[in-house]
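Next, two complexes with chain A in common: one pairs it with chain B, the other with chain C.
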Partner chain A sequence: MKKKTLGLVLAASSAIAMCFGGTTVFAEEGKDVSELVIGELHYSVVEDGGWAQAMHEGVLKACENLGIDTSTNLLTMEEISEEDPALIESAVEELVDNGADIIIGCSTGYASILSELQEEFPEVVFAQQNNDVYDNLVEFQIRGYEGMFQAGYLCALMNEGSNELGFEASMDEGSVRTAINAFALGAKYANPDATVQVVWADSWYDLDIESNNAKTLIDSGVKYMGMEASSPAVPQTCEENGAFCVGYNINMQESAPKAVMTSFVWNWAPIFEDIFQKTADGSIDISANYYEGGECSQLAEFNADLVPEDVQAKVVEVKDKIASGEINIYGGEIKDDKGNVLVAEGETMSDEDILAQDFFVENVKGGK
Partner chain B sequence: MRKLRLEKKSTSSGLSILLNSLLFVALALVFCGFIIGAVGFNPLEVYGKMFSKAFLSSRGIRKAIESGLPLMLCGLGVSVAFRMNLNNIGAEGQYAVGAIFGAAFALYGPKLPGILGILALAVCCFTGGALWALLSAAPKAFWDVDESITTLMLNYIALILLSYLCLGPWKAKGQNVGQTEKIAENLALPEISGLKISTAFPVVIVIALLLFGFYKYTASGYQINVIGKSLTAAKYAGINIKKNIILVLALSGGLAGLAGFVQYAGITGRVQENMPNNAGYTGIVIAYLSRFNPLVVIIVSILFAGLQNSSATVQVMGVPAQIATMMQGAIMIIVIAGDFFQRYKIVSDKKGGRAS
Partner chain C sequence: MNLLISLFSGAIVYAVSVMYAGIGETFSERAGVMNLGVEGIMLMGAVSGYITAVNTHNLLLSFLVVLLTGAVFGLVFAFLTVTLQADQTVCGMAMLIFGTGLSGFLGKDVAGVAANLKFENISIPLLGKLPFLGPIFFQQNLLVYAMYFIVPASLFYIYKTKQGLYLRALGENPAALDSAGMNVFAMRYAYVTFGCAMMAVSGACVSLANTNFWSSGMTAGKGWIAFALVAFSSWNPFKLMMGALLFGFISCLGSNLQIYLPSVPTEIYSALPYIATIVAFILTTGNFRKSHTAQPAALCKPYDRESR
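Entry: the complex of A and B
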C-alpha cells in the first residue's frame, strides 16, 4: 500500500516536472524571429533565371521583412541533386550542425527524404514545396492557376482579330498542365472562341527546343503565347520574330523588352514569412499545408510599351474578381478536350483534382 | 644540343602507380587551392574540413559508401569493357534500363518469398543493362560499328524512356514528382544491423573480388586481356573476337544495370526520373583512374562519393558549390594527365648521343 502511494507521488511529481520542463524548453524555443537560422536546398544554383531564383528571392524577401540577417542566418545549399539521398542527407546534417531551425526543400523531389530525416532531427522544422503528402513536413504550394488565368486572359485580349494563341510547355506533368489549362481558361474568359495550341519541349530546360517550338508557333500564325519553361529562349525568339509572350517564373522583361508583356511570377515570400514567424514563436504545426493564391500567384508589372492602359486595367479587374471569388476558375461547367464534362454547372473542382490535373480543358489543342 | 624525347616504359609496379596517382592528386589539390584562395578562403581550412567531415567521421564514411555504390558498379562495368579496349560509354543508359527492368519486376512480377524476390530483382536489373549493351555489342561484333557512338546514343534513349515511365504510367500517386511508388518491403535490401550500411556494399565487394579472380585465373579473363593488349595477337592466337565482344559488353552492361538494382533496392527505394544522375559517366573516370582494377574501383568510388558529398560541407563555409564540382574535374584531368608519365618517360639525349 505504502509502496503504491509512493509510486503515485513519484508519478505525479514527475508529471509536474515534465510540465514545467516542457514550458521552460518552450520558452527557450520561442526565440525572436530575427534570430532564426534558415537553410534552403536547391537542385541548381539559385541564380538560374527560373524556378530556383524565384524561390530564393521569396526566401530573401521574407527574411528582409522579418529582420533576418541573410548574410549570417541564411544558409543556401546549391546543386543538391534530388536523386542523391546521401548528398541530401549530408546537406541537411551540415545545416543542422550550423544551427538551422528550419530547412526548406525548394523542389518537390526532396520530399520523401526530408520526411525520413525529420524523424532523425525532430527539433528542426522541415518545409517542403509539395502538396499535402507527408504528415511531418510543412508543405507549401502556390495556386499557380490564378496568375496563369490572368496571363491567358491578357493574351486573348491583346490578340485582336484572331482566336489562336500558343503555349510552350516543358514536360507533361501535373503542374505544367495546371499552367496550360489555366492559361486556356483565362483566354476563354476573354474570348469564348479562343484556342491554345500547345507545343512540348519534353524537357525541363532546353534553349534550342524551346526556341524552335516558339518559332513553330509563330510560323503557324500565333502572335501571342504563354509559356511554362525556365529559360528566356521563348521571349527572345518572340522578340526576334515580332511576337509577344508572358514570361514565367521570374520577371523576364529584361531578357526581351520588346516581347515580354508581363511575367507570371511565383511569389513565395508571404508563405515563407508565415512559416518563419510560426517557427520562431513555436506555434508551427509540422503537418501544415499551404496552398495559396492571391498575392502569391501574380503577374509582374506590365510592360507599359506593349500593354495599353485599358487592357492593364481589365487584367487587374480580373485579378480582383478572382480574389473576391466572383471568378471561380475551376467552377463549372468545364469540359475536357474530348468533350467530356469535368465539372458540372454550379460545382467546383476539388483541390485534389486541381493538383492532379489529369486532363486538358476544352480549348487546348495539342495536349497529350 | 640536348634533345628530349619520350620513351615508352616497359613495366610499372603497383607501388609506382599508386605514388604517381597520389602525386597528381596532390598537384590537383594545389591547383584547386589557388582557386579557393582566389575566392577568398583558406584552402587548408577548406580541405581540412572537407576531409574530416567526409572521411574521418563514421557518418561521412557511411554516406560516401552509400553514394559510392552505383559508382562502383558503373566503374566495374566500364572496366570490364575497357580492359578489352571496348569503349562502353553507355553505363548511364545501361544503369537506367537496369532500373527500368527492376521496377517492372517490382510492379508486375510474381511475389517470390524471402531472398528469392531480391535475387530475381537483381537478375532483372542485370538483364536490363546487359540487353541494352547488346544493342551496341551486336553491331560491333558483326559489322564493326563503333561502340563508343552507339553506347553513347543509347544513353539518351534510355534516359528518355526512364523519364517517360517515371512521369507517366509508373508515377507514384498524389505526387508531382517523377518517381515510382516505394519498393515493397520484401524486395528492399536491408541494412547491416548496427552499421547502417546497405547490404549492397558487401555484395558489390564480392562482385569485385569475383571479377578480380576472373581476370587473373580464368581463360576468358586472360583472353580479354590479350584482346585488349593486341587485337592482332588475339586473332593470331585464335581467340573468338565476336563472341568476346558480345559477352564482355553484356557483362559490362549487366554490371551497370546492377547499379540500378543497388540504388533502387538499397538506397532510394524508388525508381526516379533522373536516377543515374551521371553515375555512368563518373564510372568511366573511376574505371580509368583505377587502371581497370576492380578492387581499386571500390576505393576510388568511395573517395569520389566523399568528395561529392563534401560539397555540402564547403557550402556552409560560404565556398560556392561549384568548387567541389571543379575539384572533381581538376582531380580527374590532372590524374589522367599524370597517367601519361606512368606510361612514358622523358629521356634526354646528350650531345653526341645515339640518334633518335
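Entry: the complex of A and C
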C-alpha cells in the first residue's frame, strides 16, 4: 500500500512538473535513471525460494547498481496468475496508474497479454522473460545451459569411480530439457562414459515426489545429482542419505549444508541493468531480444567443505573456456538418446534449436 | 530388497503426513462439523511451527505452537459454525483462503531461512535393527511413532468408550444427546478444536519432519487428499490409515518404476495414485454394495435447540 501511495505521489509530482514546464517526464525524451519507476509481475510471492525470488533479486540488484530507490520506485505485484488475463490487465493498469515506466513480466506466461497491453499503453516499456516472439516486447532469456554444463561437469568430477549420475526433473518442457541436456553434456566433458539417470516429478512443485525421486536415485546407487526443481526437498533428501547435489534457481547451500556443493543460479541483474538504463535514456528498442550467458548463467559459490580446491579450479577453468568460446557446448558431434546425430561434427546448433529442445542427448537415461 | 524398504518406508512417511489431518477431520465430521479448511490450517501449522523453530530453535516449543495455532483456528471455526450456526461449507472455504493467505504473509521472513531443526529419524533400539521391518517401521521420526499409537487409540475411543458413543451420537442425532443432558455445543467445540490441532500437526510433518523449510503453499494439496480420505475411509481411522498407505505407496512406486520400467510414460505413474483411489473409493462406498452410508446423519447441520 505504501509503495502504491508513493507511486501516486510520484505520478502526481511529475504531472505538476509538466504543468510548470519542468524538464522531467516521458521516458522517450530521456530522464535520469534513478527516477525510473519499475513494475514487476510475479506468479507467486517473491520469497518462493525459486524462480520468482531469483528474478526479484535480479531486479533489486540492478536497481541498487543504478541508484534506483526500491522503496519508492519499485512496484512489485505478487501472485498474478498467468492464467488470469483479467487479473494481469488490472495489475498492469494499476502499475501504469502508479507511474510505471517499465513493466517486467517475470514469467513466460504473461507474454501474449503484455503484448496486447503494450498497444494500449505505448508509453510504457514492457519487458518479458521469453524467447524472441513478439515485436513490441523487450524479451530476455538466460543461456541456462552454460551454468548447468558446469554443474554436470562438477558432479562427474566428484563422482570418482562411478559413471552414474542422477537428475531430478520437474515437468517435461523445453527449459527443463535444456537443463538436463546441459548437465549431461557437462558430465560427459569430464567423463566420456558418464550417464545421467533422470527421474521425473511431472509437477512443478511436489515436495513428497521430489524427495521420493531423490531417494530412489540414491537407492539405485547414485551419489551425485543435479536438479531442476524449486524446493530444497532434493538437497535435504541427499543430506539425509549421504548423497550430494547441485542446487537450483537460488543458492540452496543454507538449506542443506552437507549436501549442496554449489547451486545453479539465474543472475538477471546485468540484463535488467541494461534494459533500465536504455529505458531511461529513451534509447530502448522495444523489439529487442536478450539471450545472455556468461555472468548471467552462473554457479553460486562452492561449498568449500564438500568441493576440493583443485576441483573448484577445474570448474572455473571450464567456465572461462565457455566464455572464451574454447568450449562450444552445442558444437558437434552430438547424438540424441536414440542414436541419431543431432549436430554433425564441426557444426553448432542454432539458438532456436537450443531454446526449443525436443531431444535428449546421448548419455541421458529415462528421457521421455 | 532395498527397493521394497524404500517403497514401504516412503509410503509410511507420506501416509502419516496426511493422516494427522485425516484423523482430525474424522473427529470433526463425526461430531457433525465438516471442515473444508484443512489445507489452510495445515499451512498455518507448517508456518507457525517453522517460524518458532527458526526463532527459538526449540522443537518442543515449536510443536506446542503448532498445536496452539490449530486450536485457535478450531475455536474460530467452532464459533462460526456451532455458535453462530453459519454454513459449514462457506466457513470452511473461508478458513482455507484465510489460512493460505495468512501463512504466506507470516512466512515471508522465514522463507529461504534454514532452521536446521526438525523431527529427526530415530532408530529404536533392537527393533530398528530388525532386518527388513526395522528400516521400514522403526527408523522413522517421532511424529510417525506417535501415529502408531494414535490410530488404535482413536479406534478404541470411537468404538469402545462411552465418550466415543457420545461422539458418534453427536454426528448422528445431537438432539437425542441434548435430551440426555449432554452439552452438544461444548462437545462440538472440543472436537472441532481437536480436529484443527491435528490438521496443524500435519502441517508440521511437512515443514518440520519430511522436509525442513518453509515455502508459501508448500502442502501442495495434501489437505484435500486428507479431506477426501475421510469419506473414502467411511469415517473410520483404520480404513483411513489403509487409504493413506495405499496412496503413499503408489505415489512412491511411480519414482521407482521410472527407473526399473522406463518404457511406460511417467505420466501414467503420476496418475496411478488417483486412479487407485477412485477404484478403491468405488469398491468401498459404491451404491451397488447396497450398504448403508457411514456418513454421519447430522454432518453439516448446525444444531439449533429451538428447532429440534
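Criterion: the second predicted complex is superposed on the first by the 340 of 368 C-alpha atoms of A that agree within 3 Å, B and C clash if a C-alpha of one lies under 4 Å from a C-alpha of the other, contacts with A are read in each partner's own complex, and residues count from 1 in each chain.
Quick note on the criterion: a contact is a pair of C-beta atoms (placed from the backbone, for glycine too) under 8 Å apart; a residue touches a chain by one contact, two chains touch by 3 or more.
Predicted model, so just to flag it, every value in this text is computed and none were measured.
Three-chain overlay on chain A, with chain B and chain C in a clash. Judged by the touch definition given at the top, the superposed model places A:170 against neither chain B nor chain C.
Within the superposed three-chain model, A:45 lies in touch with chain B and with chain C [touch as defined at top]. Shared-chain residue A:211: touches chain C; no touch with chain B.
In the overlay built on the shared chain, the residue A:200 is in contact with chain C alone; chain B does not reach it.
When both complexes are overlaid on chain A, the residue A:112 reaches chain B alone and has no touch with chain C.
Contacts of A:250 after superposition on the shared chain: chain C is touched, whereas chain B is not. Judged by the touch definition given at the top, the superposed model places A:150 against neither chain B nor chain C. When the two structures are aligned on the shared chain, A:263 is found in touch with neither chain B nor chain C. Of the residues of chain A, those at positions 45, 202 touch chain B in one of the two structures and chain C in the other. By the touch criterion stated above, chain A contacts chain B in their complex at residues 45, 75-87, 89-91, 93-95, 97-98, 108-109, 111-112, 130-131, 133, 171-175, 202, 355-356. The touching residues of chain B, counted against chain A in their complex, run 53, 59-60, 63-64, 66-67, 160, 163, 167-168, 174-179, 182, 267-268, 270, 272-275, 277, 305, 308-313, 315-316, 320-322, 325.
Those residues of chain A that touch chain C in the shared complex are 44-45, 47-50, 53, 197, 199-200, 202-203, 205-209, 211-213, 215-217, 219-220, 230-233, 236, 240, 250, 254-255, 257, 365-366, 368. Listing the residues of chain C that touch chain A in their complex gives 2-3, 6, 10, 14, 17, 104, 107-108, 111-114, 121, 206, 210-213, 215-218, 220, 251-252, 254-256, 258-259, 262, 265-267, 269-270.
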